[in-house]
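Next come two complexes built around chain A: one with chain B, the other with chain C.
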Partner chain A sequence: MSQTATTDLGRELVPANAQSRKAFQDQAFQILSSRFEGILDPADRWGLTVILPAPKLREAVRFLRDDSEFQMDLLLDVTAIDYLEYPGHEEARYAVVYNLRSQRNAARRLRLKVRVEEESPSVPSIHDLFKIANWQERETWDQYGIVFAGHPDLRRLLNHIEFQGHPLRKDYPARKRQWLSTNDPLVDPMVARLKSNGFTVLEAPTANAPSVEETDLLGKVSREQRNNVEKQS
Partner chain B sequence: MGEGAKAAPQTTSIPLTQQPPVAALHQDAGLNQSMVTTSIDALIGWGRKNSLWPFTFGTACCAIEFMALAASKYDLARFGAEFMRFSPRQSDLLIVAGTITYKQAPILRRIWEQMMEPRWVISVGACASTGGFYDCYCTLPGIDEIVPVDVYIAGCPPRPEAYIEALLQLQDKIQDSSYMKDRAAANHQRIQVG
Partner chain C sequence: MKVLTPQGEKIDLLTVNIGPSHPATHGALRAFVALDGETIAGTVTEIGYLHRGFEKMVEQGTWQQVLPYTDRLNYCSAILNNIGFCHTIERMFEVEIPERAKVLRVLLSELSRIIDHVVCVAAAAADLGALTNYFYLFNPREKVYGIWEKLSGARLTNTFTRIGGLYRDTYDGFESEVASVLVEVEKGLDDAFRLLQHNRIFIERTRGCCPISAEDAVSWGWTGPCLRATGVDRDLRKDEPYLDYETYDFQTVVGSTGDTFDRVMVRMYEIKESISICRQALARLRPGPINTTDPRLILPGHGKAYHDMEALINHFKVVFEGVCVPAGEFYGSIEAANGELGFFVVSDGSGKPWKIKVRPPCFTQFAAYADLVEGSMVADAIACLSSINIIAGELDR
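Moving on, here comes the complex of A and B:
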């Protein structure tokens, strides 16, 4: 434990071993269970996963981030699990998972899980605690349709604007395809964002996206074109 | 030399040794060696196939292989197609190298529409041709859903030799196409519309 390595950020990183990991996990679970009503997830066989009730989530994340004992200042990922048709699963259909670790001590890493019911899939947003959570929560909403209450800008992140549904849900048809008829509008949001950040936009560039009339032809023209090619050859 | 002068009037009576060398060569060669007869179709096809200007729409590892092709070892310049233009308006060969998602599809289609005719499309690799192993909600199952493809290349990614083979096949296709027929069809259409 006395050996340290300096990270890119100039902080000292204490390397981990099996003993220090075990010690951290015991300590973290003890606090999470006593203060935040956390329960142990037996499915995690390699690390520590604590299932928290949704109302306690923000409090727990804030504690883990700020407490001098933990200093878990890195939110690696926010994602979700759809347990539909999962063998032997009787709890709520979804779970949102937060992967946290510390940049000071390699032993400190844990996973928080919040169960989310199918009827109203919603968990509190932590975008103000970790800036990166903004996009991670957007991605999770995009792919799983889980609403992050209090999120300032819950838009799709990966899928296109005309996409219907949430493709990583297990009941999304695997072979379903959805066409996008136009480019995603990028210029207008960018101009708005520049203005909101205090920049003066002298001349807003005109949108470069094809018109609706143009894109309505998209399927039809290509098929005609293809037929012509076939006739010629 | 009297009858010989009638049969071949372009020859002169001045002995060759007394003439300037260049003039002698020119006169000696005659029309049959300084002219070629051909059809306009063959000539235009020859010109087109040897001066392709590719536009690379590279989105994945196929584009890395394309870089190898353009570099000195495989040297696309040998086939007259070395002049990459990253403006669709200046190019006539669209090389789609990589996975195309539904989000990118309108962009690809628009780039193809911006290209001058005649234009050709090469679909490179499994992803561009069929979607590859991305059999999922976000990936286009082959770019021939949105643009007409002239040559497909198999492989994941294909080797530069496969690119060269595709380019040679495309050159054959361009040589076989008829400029005069296309022009006649366009004129016919214009007359009907007018």
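Moving on, here comes the complex of A and C:
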């Protein structure tokens, strides 16, 4: 790590106040609207949220992160919103929200929003701009089924591998139950991981399938359980 | 698993599951590792074993009914989560809570931070085989739980705050009990310092163990004590003060190398600062109301509800419809024990949340875990895991 960056981050910040927040928001909106076709999101009445067209997202995030005026170097969160039947909502069904903050100036916080159509929910991935985006995008895919184009490893994060559907969508019933039986062997991600660490994998174990005994037992139990689960939901 | 190393040597890697159910994983975390001897060549982590669908379930009830769910995020400091959530909603309403409620919230925040850090430090030392600290630190922690029990009736899942104030006022003798607990924490902490700070075994086990640079930590989205251990002086209590934190005299604690030793030490010194804040808050505590009087948030009270028609209607609507949070999208955060605990809230103006997304501080720390431990030994991975203090409740939600 470079010496200048360390001293910069190690310095105490000037605490944020209403004026400094307002000044930052005006400046950020001005540049996001003129350079990245951003429009102001009226839903955020307390801070600054800018709606961007999906093709401009990566460029805008990179600019906000690297520009010396902004240095929004902390990606706090990536999530989505499902507006299905939201009162008065006429735009696309989904929106993906990126929550950014600067470690160099306490007044700098903003959110970026990308509207996503229901038919082919997809936005460009920013996993290479922030390391944490990898997991945050996996979680958003898991919960909302929004595809992050270019993501290297778009697997479920919180839910089980056998899980069907995307639970935070408004049309997923909260009380629905699913029977999930086997564990995730994680062999393929491990092979990919070793390759990225410089290893050449010559022989990987096949995913450890359950033994015949286990399969028999699983078959019996799961049929019974499946019936119960279906009755309950 | 047969592989060629980057140097071109043909070796056989042993694959082992660390967790999900293992005492060292402090919950249910799974790290699937490929080992070359004792050295970790590759790690893949899997989370979600404690996923209970927080974000789906909170959409089913009213805004007030979210509170008990927040207890179950970071269950080592439940009151901090309560405060984080209530603070966010109050900022959407743009209401101020009374002075006494603010001071009490600061006091309870810092006591919660103390017991949360105590769990991390004591468990980290115990995982390295230094069990004595555990008793020195957990005895005063138990006393704090005694206070929680008297305050809220619950030890772990307190649900002590309300949107617009607190569940109830303190009991007789609260101040003196807190003061004596602080003395005990201080003594336990001093004992632990003497056991750890210059202990050669502890230092050699933790110094240089799984370090992370400031730049990487920021790119991984780290906040809180783990980020401060890398030398980044950031603390929401200082940078974006809430609950009048700017009027309290305390220091942020900053490390230098971002290794396991720094992460543990930052937490230990932060306990000292928290003790000092608690004492300042105790000195400021004056009698007064603990709830805002805003009728949108607060029940009118039995006296009025039984005798006044409008108050009865108000009571009915707040309970059955829920508090009607202004429509819009808002992100509010506080400095929780592990870092920035944020709530991204979408409201359609009704009594039920449209969406609440938690930004758990642990999530970012555990996402970096695979990168942190590769190249070190299994025993170091265990030491590292306890120093980043992963609480599966908020990690998996």
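Keep this in mind: the second predicted complex is superposed on the first by the 177 of 233 C-alpha atoms of A that agree within 3 Å, B and C clash if a C-alpha of one lies under 4 Å from a C-alpha of the other, contacts with A are read in each partner's own complex, and residues count from 1 in each chain.
One rule holds for everything that comes next: contacts are C-beta pairs under 8 Å (C-beta built on N, C-alpha and C of every residue); 3 or more make two chains touch, one makes a residue touch a chain.
The structure displayed is predicted, hence computed values, not measured ones.
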| item | value |
| --- | --- |
| First (chain B), second (chain C), both or neither touched by A:L13 | second |
| Chain C versus chain B, contacts on chain A by residue | C |
| Which of chain B and chain C A:T182 touches, first, second, both or neither | first |
| Contacts of A:V147 with chain B and chain C, given as first, second, both or neither | neither |
| Chain B versus chain C as contact partner of A:L40, first or second or both or neither | neither |
| Partner chain in contact with A:D77 - chain B first, chain C second, else both or neither | second |
| Chain B versus chain C as contact partner of A:A174, first or second or both or neither | both |
| First, second, both or neither for A:H160, with chain B first and chain C second | both |
| Set of chain A residues, in rising order, touched by both chain B and chain C | 158-160, 167, 172, 174, 184 |
| Chain A residues touching chain B - in the complex, by the definition given at the top | 158-160, 167, 172, 174-184, 209-210, 215, 218, 222, 225-226, 228-229 |
| Complex contacts: residues of chain B adjacent to chain A | 102-103, 105-107, 109-110, 135-138, 141, 144-148, 150 |
| Sites on chain C touched by chain A in the complex | 1-6, 10, 13, 15, 32, 34, 41-44, 46-48, 51, 53, 55-57, 59-60, 91-92, 213-216, 218-221, 223, 231-234, 238-241, 246, 252, 254, 326-331, 333, 340, 342, 344, 346, 348-349, 354-355, 357, 359, 363-364, 367-368, 370-371, 374, 396-397 |
| Interfacial residue positions of chain A with respect to chain C in the complex | 1, 5-6, 9-13, 15-16, 41, 43-47, 49, 73-77, 79, 81-82, 86-87, 97, 99, 103, 106, 109, 111, 130-132, 134-135, 143, 156-160, 167-168, 172, 174, 184, 186, 189-190, 193-194, 197-205 |
